[in-house]
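Letters A, B, C and D mark the chains in the order given here, with residues in each chain numbered from 1 onward.
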């Protein structure tokens, strides 16, 4: 692999921006300096007028997720390739064991599926049930497999929902191992009640989806998870914070000094719940995900959380089902497979609304799209920083270029795009993964299997 | 029964105080007027220099509670008699079915036990499990038996603890019936974890009790119950709010306009958790109740809640176990029977610390010791108000008189007093129940069985 | 004056409702009882199917207010007459001395103007400047003239604005006298800056009014006044709380136990700031008052405050200028005289939106329209309660009747109605003032000069 | 100047720690790499087992402050030398014009005084009055003199206190210039009142100092300044946040997305107000500074703010008066010169309590002692970061070494030490300023006049 010299750009890291050339060699960043002479045989990329930033990290995706006998449209290859086209060079996906399925067995299954990935990847592992084997497997995963985060679903009653007993046991074990518990925060009992009541009122279409999962349902679960983590004295990471109430719960806990972290999805930052009242089933169902898009006003509070620093990362929950799959819920909104795409669009959506919109500085953008995730999941500065010695995962960013999103032109294999028709300014023109140019001005050179599994070391165990 | 004329006092109601004589006849208040001529044969009581207030209502007691093959020391006679001696003329006790025990069966059992009561009484009924018979019995209780409040224990794992499913079902049913759900708010899973961890550290004495039930454990449960009630749109009443965090959860919910009500115990208002570190087992164990007394600072926040109006009632959780019973937990604090007395002391403790302490006006005192409870449990102004037509349950209050509490002199049959040695100024000199003088200057004339069961009508059902 | 017997109605007080007849004689309520025999010569009014409530108290009006060489359209006669037609039987208006004008001189001037009032009235006195004579006059007003509340304008720079020095001195003096400080909370320096900046941007029409007085400007002043009162340890009453931020400041202070009270205007509860963007100058200017109507969302928070109990009274700030007067600001919104009407509409607006809207119970309605104001300004239960001995100021309320507001049909002499075209259900059919029927089914019998000045005793002085 | 190679240490920056050698040459950091060969003639310093961190920045000191005809004990030489001995390599001091004194004149005076400094320094300039010349001088200072922050005293009535008019004008001007307003937040009117009332009660000793400046007085001013900044849309920096209430005001504003920053003093983090009740006048008076040390409990909230990220920097307000000077207030606490030392002790105090105490990670320590100040005052990464090209201001930190503070051994010329007798673990063994070793294992080689004035560029102006 020949060296790659990125010349003339402005490097943006989470702490500052500065003029520098960047030399990549052997998959790593070899040098960052004001003016670097190209080594013999090096490819030279002109970054004049553009930013050189750490490649995006999407800490929340579901590629190739098995569901009701089918799987999401994007597998680990197509999904990570779509990410590369948008400037995202690493994903953290989820291993989700069925209840009673051994964690290690599920982990190995997912590791196999992910071998085709085009970018680097890692896994959160879900704890969906509890016994001594789960306790043991958590230890193996942390100590031998490079897993330092465990996911807990507080919703999805009669399926993968954790009760408080499992939460308490798993959080306690995570503390012991130096791992980070994470939660999908929605009170599954309340969702179950409201789904029934909504359908009893004769509401069976997608407009019933947000009615069955109001913000209070999310806030309750967030508060409970935070309280449990507080008592156990373990940090906690709340995925897809979507509502003002939930963000506020995090802010209050942090104000007490508790180590609580929040993730926001690109979609929740720019969409609202009016999409569910669209008369076209395909359109409304295409937006069905959990937590749902919220009434106007919530997005503003999520932006505030990112600005103030009590929300920390941006992700997508990329999980693509096509119209045919979504149609399973045509008569009953509770049967619509939950999920939307976004891995390809996230970086530009956040830049456009965040930086162009006056909410974020470019350095904050880097913090929120890669550096903070890398720090929280303990792979910084290997990832999330343009610095000598780091993995050469980079994005060249043109703050002037524009792009209009559409399902027709997206790389994701889904047939729907929640950002359809949205024009953004601020676009990845080139993406470098492991020192190779994998995307260049619209030319996607993603390579099946080029991505590597990234082990994430444990934090200090107790 | 001859009429009773209380002459020359100052009546205090929740809204105002005014000079008036009060005439009682046939168990009711017949007249309230500036100057009443004594009817023929009337007994006349001189209230000069004293206040005439509604008799206290203690909305949280456990008389004759079965526990581990024994029962609390106070039965419905001794307990209500003690209340009368302190100016409390009504209690609301709890029917607590065992898991799987039919609610109606438990209700009838408790009704039988209570027939010996010396003052009026009523019952909250606990929902400790769930099936269709519970659903049906709740209907019977509300519609035929005068029960308009149901209790839920969020603690006591492997015993009477409700899981979220039961909470949701029961709250939903209460809404339908026009009844008020109430909760004992502590997260039972966390208590269970912390009890184990505390004992694992070798802490087996009463000092382990507060360590296993920190404020965060209470706040979590309070928030959860409030959130469930919010989603279901039913009012909710939190019993024995003991911590700043829990009071704050109520304040925040009320600030959203939610109908949340909070009760505070006299003990939590004046004691702190240093009692558990006393080297004398009897002393420390004598204070073991749940939630425990809290670190200094919490009481101040409870007073603030009462002053600001986001906490509403004062109670005692009167539940007396003697030293021999408490000794069951000598080797293991989790086996100490939980409970303390107070029904006799509450009114004076609140007056002394509240009114003399500059925190409450006399009218606020009446609101917090009787009127608010009567309103919340829908028996106002029959109870909780000195007004024509109301039940003649009254207390004559001498704001100058003093008293020193002691287990040696208390009427309660318990052998311990959490207010031991405390001198208060502001004392009930006479108590009138159903128009009869049942306590006069130290002479307790409580009559076994004189108390009546008070039916509490449902609120508007939905 | 012949006795008046109101027969067959349901009495509503702040604490409860009950079936009772009400007999008025000699200006007082002579009897409240289930069934009263009409005395000889009594007029009998059938209240079947209707509520009998305390007459409304509007604690914030400006009748006959001198302004730029002219005066508001309503004088004390027309304004109080309009109030009677809507069920309001007492107003508390404001004496507003010019800077350097002796308080007693201004007080006497206003007392003279008010002699023509048709209903009872009282005065808050504004402290607009400070020296030893103001200190002395405050004493006279409290001790001899029945004034127990002083107003402070934190806005209106270069006119009647108080600086912190005056606030501190006056609050301190109020504490000493047992009087209540009240504030118009807007930071006048910020208003001044924003008025200039708004006009500098070329915005000179009424749409500039809300831009120059955003919620943060109100919240700052509210917080400052509350903090000063807290340090000085005097209670405080914030007039016309209009924004979520300001309500929140009150809620937080009350949560600390501080005695802070908030007043809300009927207009702020139902209108929003879109009125200022109406292209018709007369319409937009007709709504110009301070604080301005707020963006959608704020009203909901004000209702929540009333429900939760951290806002206490409802008023109108009735202050009527006609189109010709408003036209003074045609080229410059800062010159539009500030003020709107409402004294006639308040009761029905609050009932309709509050009680019919499911936000308030009828007893809460009474608390918020009369009883709380009477308590806070120390004239309860003489006013604000249907009880023997109180002033016979009553309203008969038909919860079924409807009415549509219009400037064309209003009694107020203003030519504008901020509630124009709004239809409400819940209407005063009869109003009784001092025991006389002054309004009966559309027939207004207001009598010039029949109203009396109401002295309000001091609270306990320190 | 010969190059300096620091070999074998662990570099700690605000974002991460890593093993690296650091080469300094010509006053700059020439290289940071795992293994650097010493250039010819280089001095080599062995950092094995130690941390290499950016030198501390103390953003709040008062060296050589004129006061009542005398000056603080430490001048710019002795004060900065003391800083170097503790690992602090830069201070930001204050230019404080007298009312009516031209800003530029004061600035030049202070620049002259500071020429003797041993470390780099910069200046905040106070705006103590307002007219067009102040407006103009602010422009000169920002555009030509490298000042990007202006200080406002909200206390000190009848001296340097700003009224709201000056605050509004100055904040507005700062926005225009791209400068940061900062405030000393205490309500001067309330302090004035309370000083008088405290003395009226006969309290004239140092114990009166905290009584006259309670937390509410600070919180009011903080809230006001924050609100003014919010309306004007300029960022704001609150110096010496000392109370829970004030920290909470910052947290709430940040939760709205506002750009508010808070500074905490080392003293406020570890001391409480019991010092003022010490019977020894010298001891109590030695602690007199404003805001005063607070009741127990406040420190915990300040630590929480630093942990949660809503407080950003640590400073000292170093301002040393000796016993003789403090004695001016022997009969009247309001005459005690306000001020304490700390520039020498800050780094170790924060490390000991923060890092050893489990509250902060080493990277957070760097953020809070240098990097955040450098970022906020726009001199990052020239200062506050160990990176090639930065100024060679470094500290070698031995986390095992201990030290006991005492006035007897301190370098500061003051005769008092608020940390007297306190033993800390975590000590600067060597300090490098501008590439020179200025402190080595107790040997202080501070050079008079070696420090340079650091210009701080403006932020984006509006």
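We adopt the following convention: contacts are C-beta pairs under 8 Å (C-beta built on N, C-alpha and C of every residue); 3 or more make two chains touch, one makes a residue touch a chain.
Worth saying up front: this structure is predicted, and the values here are computed from it rather than measured.
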Maximum distance between Cα centroids and chain C occurs for chain A
So, in whole Å, the Cα centroid of chain B is separated from that of chain D by 53
In whole angstrom, the CA-centroid distance of chain C from chain D equals 50
Taking each chain's mean CA coordinate, chain A and chain D are separated, in whole Å, by 39
Those chain pairs meeting the touch criterion are A-B, A-D, B-C, C-D
In the complex, the residues of chain B that touch chain A are 163-165, 167-168, 172, 187, 189-190, 192-194, 214, 216-217, 219-220, 223-224, 227-228, 230-232
Per the touch rule above, chain D residues touching chain A in the complex are 14-16, 18, 33, 248, 251, 254-259, 303-305, 307-310, 359, 371, 375, 380-381, 385, 388
